[in-house]
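In the two complexes that follow, chain A is the common piece, with chain B as its partner first and chain C second.
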Partner chain A sequence: MKTEFHFRDEDLRLGTHLVDDLDLDSIDAVDLAVRVEQKTGLSLDEADLKSIRTIQDIVDLIDERL
Partner chain B sequence: MDQLSRWARIAGTAISFAVFGIGGLVLALLCLTVFRIVAKKPRDREERAQYLVHLAFRFHVWVMQRLGVCELSVRAGEGLHVPGGQLIVANHPTLIDVVLIGSLMPQLDCLVKTDASRNPFMRAVVRTAGYVPNDLGEAVVEACVARLQEGRSLLLFPEGTRSMKGGELGTFHRGAAHVALRSGRPILPLVIHCTPRALTRGQHWYDVGDRPMSFTIEIGEPIDPRRLTRPNESRGVASRKLTAALRDFYQARLYDRAGRGAGDAFQRRDLQVGHRPDEDRVPFPR
Partner chain C sequence: MSASSLGSEAASHPHRWARIAERGSWWGLRFTAWLFRSAGRGPTLVLVTAIVAYFFLTDRAGRRASAAYLRRVHATAVGRAALGHPPRTWDSFLHYRAFALSIVDRLSIWFGRTDDFELELHGFEPFDRLAEQKRGAIVLGAHLGSFDVMRMLAARHKTVVNVLMFTANAQRINQIFRELSPEVETHVISVDPGSVESVFEVRRCLARGEHVAILGDRVEPGDRHRSSRVPFLGGEVELPQAPFLLASLLGCPVLLVVALRRGPQRYQIFTEQLAERVTLPRRERETAARELLTTYAARLEHHCQRAPYEWFNFYDYWGDDPFSSG
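Take a look at the complex of A and B:
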């Protein structure tokens, strides 16, 4: 997330809300999903993307799947 | 006298809304009948429909001027009628911004809310004109880029909706930046100055102000995305940079150097943007 969007470390917490706090739009969501897929080898579908609201959600999802 | 002129302008505004409604009906009928026969190919029909919308908007602006509801002038600048399709961006202070800009351009694509097409007349015109439906995400960006590549001009409002009540700029969404980056086209920024404020968000249609709305549309210098972003940057970063630059441009144009709101400066007519004697001011229609 830092490379893709140039967020700072202090802005990224587990509870950080992707849309409300980080102002991610639908195109960012696609880019984020692609990066996650690249890094983890997982493949995310639309339902997954819809359920992700915070950074914690991403972590949980990856945890579940790996 | 002031009260009289206010009532006259309220009546004028009401008539303008009626004209718009009737105009929509006429356009819809034309789109559904004559156009089907005269223009077989969808692309032809879209061009004709957009041209008709342009004529309708010009007429509408003329009506509003005759009724004393508004005045419109364009601060002359190059770039509006360059062939090949322009990516045009504008701030969005009032309800009639699309009408004003559309009156200047014989062909103009724009985004339309999918639910605005609840009105069957609007739906018919929108569909025939081939405007881009505002669903979310990649699909919209792709559709916009395609329009530009076909040589069609496209109007986007980064604020997405009308500016805030007090006249401050709303949040700038990054869609226009994405379209600019993906198409490689420069952004042509139009600045809509409007004083006094009427038909803005949070106002009733009858809040007509103490004198006719005076619109000045300023055509800015094209903003080249390649000069503001690096080729290997992620589109998340690039679109944010470009959008921030765009917002800064509008912030600077709409508010004077002292940082006061445009409303303050406009209290004194001589400071009104567009009234500087050395500017080349083109009254509309020409």
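Take a look at the complex of A and C:
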């Protein structure tokens, strides 16, 4: 995913903010959600996406659901 | 559909249409809809023609845009044959009048008075095939002919077509329907720049086997950094990548539907599949999106040349008019 989204290693910390630091927009957000779904088998909805602000939030969400 | 801010962007060139649309005030739209409902098609056509004639006389930039577009059409062999002569001011008036006629037809469709419409279908097979497979598609259209005719056709075939619409316009249209015709179901998906809700709504529609229609010939405010410049009628125009990005994300086909007016309540509807599966890997996204948009623009050009007066973008579409007020 790092390569796909052109993220730099130094930008990928747990506290990294997806919108402010990685400049993701709504299409990127759904793209990310679809990829997380494909990798984990989870089903995400817009409420899940709205609750995600940082990489830590994604980790917590996956951890909670799996 | 991006997170960039609206206000400042709306003033820049590709979004002029948003401000121009504001000229058609909401009260005017409401009154016209009311007149159609109470007095019918004839008086509404008189009113709408008068309004359009007023715009024709007062909107110099619009007249110039129409003339520039017709000159581009005339510069092609097919367009020259369709117009018959080099475009004159009268042809621009006919262009405006075609818009008036399309508005009245839209009202007929919105209010369910569709029995008298005669539809000639060219290539409806992609819809039949998707219905068999219970799959939805992104249905791409343009401000070319009537998009609403496609919705009428879908209704006749018991297919649901939802229309993705910029929030401000969606609210306005929904309010008119709520007041004047509460029984009509609009199937409008409202798009807020930066919000993910609309993308999930599109996903749900597709999962139900419904289609989602998008007009793809104008860059919406906020979509500026997700657009490509492609050739169109002898120049280059900016088109949004969003419809193809959505199709790529949600794994659905993209159809093109163009409905051209060929006489009183008589339309030819052309349907074709632009892509069965859109793949836009991020690394090659720009190139792949540009390729798809080039095909889309070429198909629009094909129809513009054959039905020149059906193109309803009355602003400096190519952004090359030095006298355009911006």
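Things to note:
In this text, the second predicted complex is superposed on the first by the 65 of 66 C-alpha atoms of A that agree within 3 Å, B and C clash if a C-alpha of one lies under 4 Å from a C-alpha of the other, contacts with A are read in each partner's own complex, and residues count from 1 in each chain.
Keep in mind that, in the parts below, a residue touches a chain if its C-beta (ideal position, glycine included) is under 8 Å from a C-beta of that chain, and two chains touch if they have at least 3 such contacts.
Just so it is clear, the structure is predicted and the values come from calculations on it, not from any experiment.
Residue contacts after overlaying the shared chain place A:Glu64 against neither chain B nor chain C. Counting the residues of chain A that each partner touches, chain B and chain C differ, and the larger count belongs to C.
When the two structures are aligned on the shared chain, A:Val19 is found in touch with chain C, with no touch to chain B. By the touch criterion defined above, A:Leu49 reaches chain C but does not reach chain B.
By the touch criterion stated above, A:Val34 is placed in contact with chain C alone, chain B being left untouched. In the superposition on chain A, chain A positions 4-6, 25-27, 29-31 are in contact with chain B in one complex as well as with chain C in the other. On the side of chain B, the complex with chain A involves touching residues 136-138, 141, 173-175, 178, 234-237, 239-240. The part of chain A that touches chain B in the complex is made up of residues 3-6, 25-31.
Chain contact summary for the complex, chain A toward chain C: residues 4-6, 19, 25-27, 29-31, 33-34, 45-46, 49-50. Chain contact summary for the complex, chain C toward chain A: residues 1-4, 193-200, 203, 226, 242, 245-246, 249-250, 281-283.
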